[in-house]
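What follows is a set of notes on a single structure, which appears directly below.
Chain lettering (A, B and C) follows the sequence in which the chains are written, and residue indices restart at 1 in each chain.
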Amino acid sequence: MSSRDSILATVARNQPAGLPLPVVPSFVLEEEDLVEKFTNVAVGIGSKVFRVKSLEEVKQVLLEEHGTSGRIISSFPQFSAIAETAIAPDVDPHSLADVHLAVLPAQLGVAENGALWVTDAQLPLRVLPFICQHLALVVPQQSIVPLMQQAYEVIGVQDYGFGTFIAGPSKTADIEQSLVLGAHGARTLSIFLYYQTQDKRLIF
Amino acid sequence: MKETEDHATLAEAFNADEPRVNWHDETLWFIRQKRDKAAHTIPDWELLRETASQIKHNVLSNLHDYLLQFEANAKANGIIVHWAADAAEHNQIVHAILQKHGVDRIVKSKSMLTEECHLNEYLAEHGIEVIDSDLGERIVQLAKEPPSHIVLPCIHKKKEEIGDLFHEHLGTAPGVSDPQVLTEAARQHLRETFLTRRAALTGVNFAVAETGEFVICTNEGNADMGAHLADVHIACVGIEKIIPKREHLGVFLRLLARSATGQPITTYSSHFKKPREGHELHLVFVDNGRSTQLGREDFRNSLKCIRCGACMNTCPVYRRSGGHSYHAAVAGPIGAILAPNLDMKKNADLPFASTLCGSCSNVCPVKIDIHQQLYKWRQVIVQEGYADRKKTMGMKAMTQTFASPSTFKLAGKAGRWFMRNVPFVLNNKMNPWYKQREMPEPPKESFGEWYLRNRKKTDE
Amino acid sequence: MTVGLFIPCYVDQFYPNAAIATLELLEKLGVRVVYPPRQTCCGQPMANSGFEHLTKESNDLFIKNFKEFDYIVAPSGSCVLHMKEHLHSDRYPAEAKAIQGKVYELIEFLTDVLQVENLQARFPHKVGLHQSCHGQRGLKLASMTELVAPAFSKPEQLLRMVEGLELVELTRKDECCGFGGTFCVAEEAVSVKMGKDRVADHLQHEAAYITGADMSCLMHMEGILRRQKSNVKVLHIAEILNAQEL
């Protein structure tokens, strides 16, 4: 018998009598102001949060922080003047090793933990948000949900090859529990909460 | 091979340096406090734990079907699924994949399963270099030590010692011990590794039956850096890591990081569903005793574990004995109930390395009855004949005395019976009680004697 | 109501004052108390060492001694928890089960059964309360710092009825002292270190007395205090609740 079959046979023999899958209760977030909660938590875990009304504003903030000398990649066509905006999916991911800044949209944010959800649909290459030195994520303010539970309700049966929640800059506290930002992934995370008014072009 | 010393001996050695024990204790207590603070931000915390526990219970009772469901979905997603009955087979499978691709050096993110299987040693013997990419794991790897904690692998190391290691291996300036500087040095060193390794190995936090995807949680981003740059990604997972549905991640991801470090979530919670175009994604299911544990009614709940490490941080014994005193891949209370299943003789001491205070069960995000299982393992270990012979004799003598009221009462004046029959009250230097503690002073009379003198004797 | 008084073996032998205080306190509260003299041990030391199978005879003896009473009360959370969780008997299964439902640790008997609202006690000293794990986490005598739940403490509730008593706050409210039955000798180094740390917390907060509902924890801490030549004393909580100091 193959290991697969013998493992499955032992599992079948040894597993206890079937217990029903519980109905997950509807959890709620105490705080009512999602944007405020999101902002507080995100800042608490080392993100920078900006409330903006246009992508132009995003650009201004990022140019002020990072200048234009480093390599910038963005999936926003509006950034074409300062960034590479058309990375082909078959590009060698290693070629992104020198990316200074990546500016990407996120699908949703989670108020309870300051995390943002991105998938292949937002990522020219999977490695991009990790390999860049600095990461900026832009998310509509209306896409902030209270808890992870609601985040997965929104994600639903979405099909993706890869998706990730990103909550703050890469960090470690492995040396004597001293928190250091910038372990292996991005050293900083700037979050732009985009307040949608008339401009609907930012619905990703 | 050298006989492993038992927990008490290793713990005593750890305690030779009391300031260091204090430092270790305080550091872990600090994390326990962060965990408390994070838990208290969620009014429904206990309900969340209960929900997670019930989901895991359902998983255990339907594991066979969930494994098949995961396999079918993962295959449809383009993931290559392997099955390993034990550690040896796991190591062989990983080795074969690497051989097929002609790879002789890999980068690996945190996986306690590969520690359990001793994969690094196996691959080294076969000429394959493994570099651990989690900072803490890299540090203990350079120190040629195993991790002492499943979430904080080098929590036992002081920054000065890490500075020395980095000076020796990574060329940092002598005497540098600033965590910021050391972390930056590791970042540069490991970035070079990520960019040059063609195969990446990772662990798995959750495997979702419904979708055939799996989730890896890290703070450093090392699993992602490795996996997204390599041609081949091998993910190793214990068969118990299955959860039924994607939406259940909305329960477990709320609990995991808060329990582990007090963070609201890890920096990255990456969902791997399909391989990158033109690349290979392997998943190796490992049993290695888990299906046996599933059959042990008293102990199967241990398979609910999501490896947060909260039970270690809270354990007053772990904090004062260090992870290495448990001589097993997984230390602390959870390790002490997992290890006897793998090797009862070698790990017979571990369930006794506890006061059964119960704090571990209270912090466990999936409500494993850890301290109850420690008690039950003690019974099993004694019944199976792995208890110390001297102890067995002593216990038998004690039992006979307790079974006979006349022996007990006639044993003489207050305290004398105890002095003779209970192991911890001999007043001499050979007695472990007396080494650092005074004996209780025997009173003039026992309560029994007092009662006879002061209350009516009609009860007899 | 007749209460069978169960005095743990080591309390009988080393700490008769704790037992006397328990008896007097219950009598003061109008309870008829009987001490069956043929009692020995609850079997916990054997069971916690993995020898539960050797406790059959002490279990049967316990049942014979105590089956008649309305309640069984003991000044020890640990022994009571052991009875509640592990007392069993092939010879007297029904009696064993009945006992598990009517055995009480002293504190919970006072707060839950007698529902004591005031005590005639005076103890004008600074006191640190040691939460013994089996009483606290096992019998739920107090809320636990690990859980997200409303705070309460049955021993504190009683201590606050004692005139003049000042309860000190501890840095670690409910950390184990490291006694742990045979753990105290089998894991001597860690056990002592845990005890030293627990004692230090009380000393730091200037407790003159350390009290608690389990004499075993107190015996362990007393051993450490005396070795350190400290003036701080340990007292079973019954002795404080029964105290009439001027």
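We adopt the following convention: a residue touches a chain if its C-beta (ideal position, glycine included) is under 8 Å from a C-beta of that chain, and two chains touch if they have at least 3 such contacts.
The model shown is predicted, which means the values in this text are computed figures rather than measured ones.
Using CA-based centroids throughout, the chain positioned farthest away from chain A is C.
At the centre of the protein atoms shown, by the Cα-centroid criterion, sits B. Centres computed as Cα averages put chain A at a distance of 30 Å from chain B. Averaging Cα coordinates per chain places chain B and chain C 32 Å apart. Centroids built from CA atoms put chain C at 52 Å from chain A.
The multi-chain contact residues of chain B, meaning those touching 2 or more other chains, are 42-43. Touching of two or more other chains is recorded for no residue of chain C.
Counting partner chains per residue, chain A shows two or more touched chains at no residue at all.
Put simply, chain B touches chain A in their complex at residues 27, 30-31, 42-44, 47-48, 51, 54-55, 57-58, 60-64, 67-68, 83-85, 89, 133-136, 139, 152-155, 157-159, 162, 179-180, 182-184, 186-187, 190-191, 194-195, 219-222, 224-225, 228-229, 239, 244, 246-251, 253-254, 261, 263-278, 285, 287, 291-292, 294-295, 297, 300. Of all the residues in chain C, the ones that touch chain B in their complex are 7, 9-17, 19-20, 23, 34-41, 43, 45-55, 57-58, 61, 133-134, 137-138, 144-149, 172, 174-176, 178-195, 197, 219-220, 222-224, 226-227. Considering their complex, residues 2-4, 6-8, 10-22, 24-25, 27-28, 30, 41, 45, 89-90, 93-94, 97, 110, 112-115, 125-127, 130-131, 147-153, 155, 157, 159-178, 180, 182-186 of chain A touch chain B. Across the interface of their complex, chain C is touched by residues 7-8, 11-12, 14-15, 18, 21, 25, 29, 36, 39-40, 42-43, 45-46, 314, 316-317, 320-321, 351-359, 361-363, 375, 378-383, 387, 391-392, 395-396, 398-399, 401-405, 408-409, 414-415, 417-418, 422-424, 431-433, 435-443, 445-452, 455, 459-460 of chain B.
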